[in-house]
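One structure is given below, encoded as C-alpha cells.
As written, the chain order gives the labels A, B, C and D, with residue 1 at the start of each chain.
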C-alpha cells in the first residue's frame, strides 16, 4: 500500500487548467521530488493534496484511505503534514510555544482549557527535543519574528514534524535561504526519519539530485515524465522545458 | 533557560498582580467609600472587557455586538429575579448558561466571517437583540426597562444597599474569580492554540487544528463571561433596559479594551478603570462637553501608545530597565 | 465580619456628616441627559431650573439651595441608579430631581424610596413612575392626562373612526393606548395602528400607509425634537392635510419647527398640550421673555416648564416646611399644593403626588399668514 | 398602483440619501483600507457648513452645496495630514479607536458652536412640496436627491475609472511601493483621496439636513446605516454602494409599508444574511 496516492487529480479555474490528471504514488519511505518551471502547478498540487483546494476530478488516498472530501485539518490527523514555500509561522510566539501548540494539537490536548500549559511536561520536552534536532534548541524562547530567515525555514520543518506525519510535503524548503545557512537545512532534511514518505518541491537541483530517489516533472499542470534522478537528468524533454528556457534560478 | 521553567514562568503570578488585587479589594473600601457604586460598575465593565479580550485579544475575533450577550445575561438574571427568585449567585449561574447557549448558536455564524463583515454581523445581531427586547415587552418590560427586580441578600447575609458595600464586594469577588479562570484559560494549551490561530490560521490548520471548533469554544466561553457581567449589573442596579444589549455598550466596551491594551487581561481591567473613572470625573467638570476630552484621550493613546495604555506602560518599563 | 463593621461605622459617620450639613444648605441632585441623543431636551430642562433660580434667588426659608448636576448620557437606568446613589451617599443631597427619561426616572424612584429622599420628576410622563416612591411628585404631565382627556374630547366632536400612529417606545405606546382607550370608551373605533421606530425614522412608508387607508381621522404621537418637523414634511409632501384627513396629536406635533416645515398645510391640525409658549397671559409672557433673554432667544418648551415648575414646587414646599428638607415633611407639604404657573393653574394631587393641570386644546390656524397654535378649548383640573 | 410606485420611489430616494452619505466611505474605507468611523463626523461638518451659510449668512441652498464639499474636503485633508496618515499601518483596532475619538470630540465641538438643538434649512420653493404626475404625488426634494445621486455616481465612476487621478489612486492603493517607484507621490494621492471621500460625506450631510436634520449626534447617527451600505455594497465599489443603498432603501421602506410591525428588524436581518453568504459584500472590488 502506498503512503500517498493521487489518481487523475484535476483542477481548473475557468479555462485555466492548473492541474491536469495528475497521478502520483509514494510508497512508504519515499523521497520524491516534484520539479518543473514556475507556474507548472506544483504548489497547486500540494494544496490539492492537503485539501486547501478541492479538486474537480480525481481522488487523494492517504495510506489507502480516500481523503478527497476531508477537511485539511482532518488529513493532518491522518498523518499528512506540510511546510510552506513562504514562511507561515506565528510571529509573536516563540518556537517553543509554536511547537508545544502543534504537539498539543496532535495529542488531543489543544482543547484543554482548565489545565496550565506547564502541566503538559512531556509535550514541552518533546517540543524542545524537536527544536534541538533542527538546531533551534538555543533559540527556542525567542519570538519567532526575531529569528534569522534560515532559522525560520527550520522552524517550518520542525512544526511539520511535530504532528508526527507519515507523509510530509515540503514546499521549496530551501527557498530564499542564503548559502551560509543552507548547509544546516540540508543536514536536517537528510536526517529526516526514514519511514516518513516525503514529497518535495525544490528548485535547488543539488538538493533534488542528492536527496530524491524519484522525480516527477510537472509542466503546465500535467506530468511530463517521472523517473529516477538518472533518467530525469538524461531526459531531453526535461532539459528542453525545464533547463532550457524557463529556469529562473 | 530550561523550557519547562520558561513555560511555567510565563504563567507565574507576579508580585505586581498580588499588589493589584489587594489594592482593588481594599482601597475603594478604605479611601473611596463614597465611590463604591462607581467601583462596582467599574468591576462589571472590567469583567465585560475581559470577556471581549478573550475573543478579540486572544483569538482575534473582533466584535461590535458583544453587548448582546451582556444583555442576555442581564435579562436572564433580571427576569429570574422579577419572577420571584432573587438569589444572586444562582442568577449568575443561570445567566452564564443562557448567554453561553446564545453564544453557541451565534458562534456558527461568527467563525465563518472576518473583518468588516464580522464587525457588521456582530453589530447587526446586537441591534436585532435590542429590537427583540423591545418587542417582547411582556417578558422584558419593553423600552421602559424591566421592573420589579429585587436582589436577595448575598449568601443570605449581606443586603444590597445604596451604599454599595455589598455591591462592590460582590462585584470584585466575581471579577476576581472569573479573572483567575480567564487567566487559567489563556495559559492553557487551549489559550496557546487560540493565540496561534490569531497569529496564523493557515498554519494552525496545517498543524491539524480545527480552527472553527476552537474559535466557537472561546466564543461560547466569552459569551458566558459577558452574561455574568450583565447579570451582575442587573442584580446590583436592579434595573435592565434594552440599552444593555445595544450598540453603544458594545462600542464602549471595545473602546475600553483597545484603550487598555488587548491580549493582556490586565489591559481590559485597566481600560475599564481609566475610561469609567475619567468619564465620571470629566463629566463632573464639563457636564456637556466631556466627550471632547474623552475624544482627545483616545486620539492621544492611539498616537503615543499604539498597544494601549498597558502596552505603553510595559514599553516604558522596558526602556527604564534598559537605561 | 470586619467588612460589616466598617460598613456600619461608615454609615454612621456619613449620616452624622449629612445632618451637620443639612443645617444651612439644601442640596438638590439633578440627574439629566446633558450629553448624547437627549442632550437637547436636557439642556432645555436645565435652562428651566436655572431661570427659576435666577428669578427667585438661591435662598428659601433661610436655607441656601445648592444644585449638583449629573449627566446620565441617555437612556441608562443602571447609570441613573448609580448616580442617584452617589448623590445620596457621596454628595449628601436632600432632594433628587430631573428625571428626563422614563427608564431613568424609574431607577431613581427606587433610590428615592430606599434613601427616603424627596424626588421631583420634571419630565418623564409614564404614569407608573409616580408609584415607585412615596416621596415623589411630578411637575410635567402624564401621558394619560393629556391623551386620555384628548381621546374623549375628540370623540365628543363627532369623530367616529381614527387611525393611530405612535412611536414604538414607552411614552408613545402609553400615550396612544390612553388616547385609544378613552376614544373607544366614548364610542369611537380604532381602524388602524402603526408604530414608528424611535431612532432615525423615515416616515415615508408610514405616511403612505395612511394615504392608502384614507381614515376619517389620524392620531399621532411623536417625541419632540427632529421628529415633528420630519413627520410634518412627510405629511405635507404627500398631500395629507387637515383638509382631507382630520389630524390629532399631542402638542409636539405642531411645535414651531414642525409648523415651519409644514407651512400652511398645517392649518387645521388639532393638538392637546399642557403648555403653550404663545398663550397670551401675563405670567406666561413674562416667563417667555425672561427665558428668551437667558437663552439666546430660544423659546421655552415642555422640558423648560416642567423643570421651572419643579423648582417652584421645591421652593414652595421648603417654605411650607420652614426649611425642613426631610422627605416626609416635603412630601406632606407638596401634596395638595396649588399655584399659578406660566402654563396656567396647576397643582399636585393630594393622593398620588402627580400633577394636576389644565390641558389646552389647540388648532393650527393661519394668523398674519403664519401657522399658529390657537387655543380652542380647555380641560380644567385634568388628572 | 400609484401607491406602490410612490412607496418604491420613497424607498429609492431614501436609498439615494444613504448612498450620498456613504459613497465617500466606500472610497476611504474601500480604496485606502482605512477604517474611518469619523466619516459621519465629516458628514456633520458639511451639514453645519450648509446650515451656517443658509440660515446665518442668507445664501440660497443650492449655492452652499459646493462649499459643503470643499470646506469639508479641506478640513478632512488637514486631519489626514496631521492625524490619520500616522495610523494607516497601525491596524484596524487603532483606527477604530482614533476615529471614534474624533467623533467624540466632534460631538462636543458641534454642541459648543451650534448648540444641542437640531437645525434645518430653508429650501427654495421649487424643492418644497410635491410634484403631481397623474394620481402620483412625488416629493420634490426626493426627486432632487435621486438626480444628485445619479450625477455623483456618474462623475465619481468617471473620475476613478477613466482619469489619470483615478489610475494613480488605484496604483497607490494596490501597491504603494511600485507606485512610488514610478514617481507617484503616495502621500499626496492619499490626502487627495481622503479629501475627496470626506468631501462627499460633507455633501451628503448637507443634502441630508432636510430629511434627517442636523444636530451634534449626527456623526454617531449616520455611522451605522452608512457602514451597512458600504459593507453590503462591497468595499471600494461605487456601483456596489449605489445598488446596495438603493436596495436597502427600497427594502426598508417597502418592508415598513407592508409589515410595519417588523420593519425595524428587516434591515438588520437583511444585512446579517447577506454578509453571511457574501462576506465581501455584493460587489466586492477584490
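What we mean here is this: a residue touches a chain if its C-beta (ideal position, glycine included) is under 8 Å from a C-beta of that chain, and two chains touch if they have at least 3 such contacts.
Remember, predicted model here, so these are calculated numbers, not experimental data.
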| item | value |
| --- | --- |
| Target chain D, source chain C, minimum contact steps | 1 |
| Relative to chain A, chain with the most remote C-alpha centre | C |
| Distance between chain centroids, defined by C-alpha means - chain B, chain D (Å) | 33 |
| Averaged-CA centre spacing for the pair chain C and chain A, given as whole angstrom | 73 |
| Chain B and chain C, separation of their C-alpha mean positions in angstrom | 36 |
| Centre-of-Cα separation between chain D and chain A, whole angstrom | 48 |
| Junction residues of chain C, two or more chains touched | 35, 39, 43, 168 |
| Touching two or more other chains - residue numbers and ranges from chain B | 288, 290-291 |
| Residues of chain D engaged with two or more neighbouring chains | 107, 111, 116, 264 |
| Pairs of chains satisfying the touch condition | A-B, B-C, B-D, C-D |
| Complex contact set, residues of chain B against chain D | 56, 62, 109, 112-121, 123-125, 127-128, 131, 247, 251, 254-255, 258-259, 262, 288-292, 294-299, 301-303, 306 |
| Residues of chain D that touch chain B when the two form their complex | 29, 83, 86-87, 90, 92-94, 96-98, 100-109, 111-112, 116, 224, 227-228, 230-231, 235, 264-265, 268-269, 271-272, 275-276, 279-281 |
| Complex interface listing, chain C residues touching chain D | 35-37, 39-40, 42-43, 168, 194-195, 197, 199-200, 202, 204-206, 208-209, 211-212, 225-226, 229-230, 233, 236-239, 257, 260-261, 263, 296, 298 |
| Residues of chain B defined as touching chain A within the complex | 1, 3-4, 6-8, 10-11, 184-185, 187-193, 195-196, 199-200, 202-211, 213-214, 217, 221 |
| Touching residues (chain side chain A, partner chain B) in the complex | 50, 71-73, 76-77, 81-82, 84, 88-93, 96-98, 100-102, 104-106, 109-118, 120-121, 123-125, 127-128, 140-141, 159-160, 162-163 |
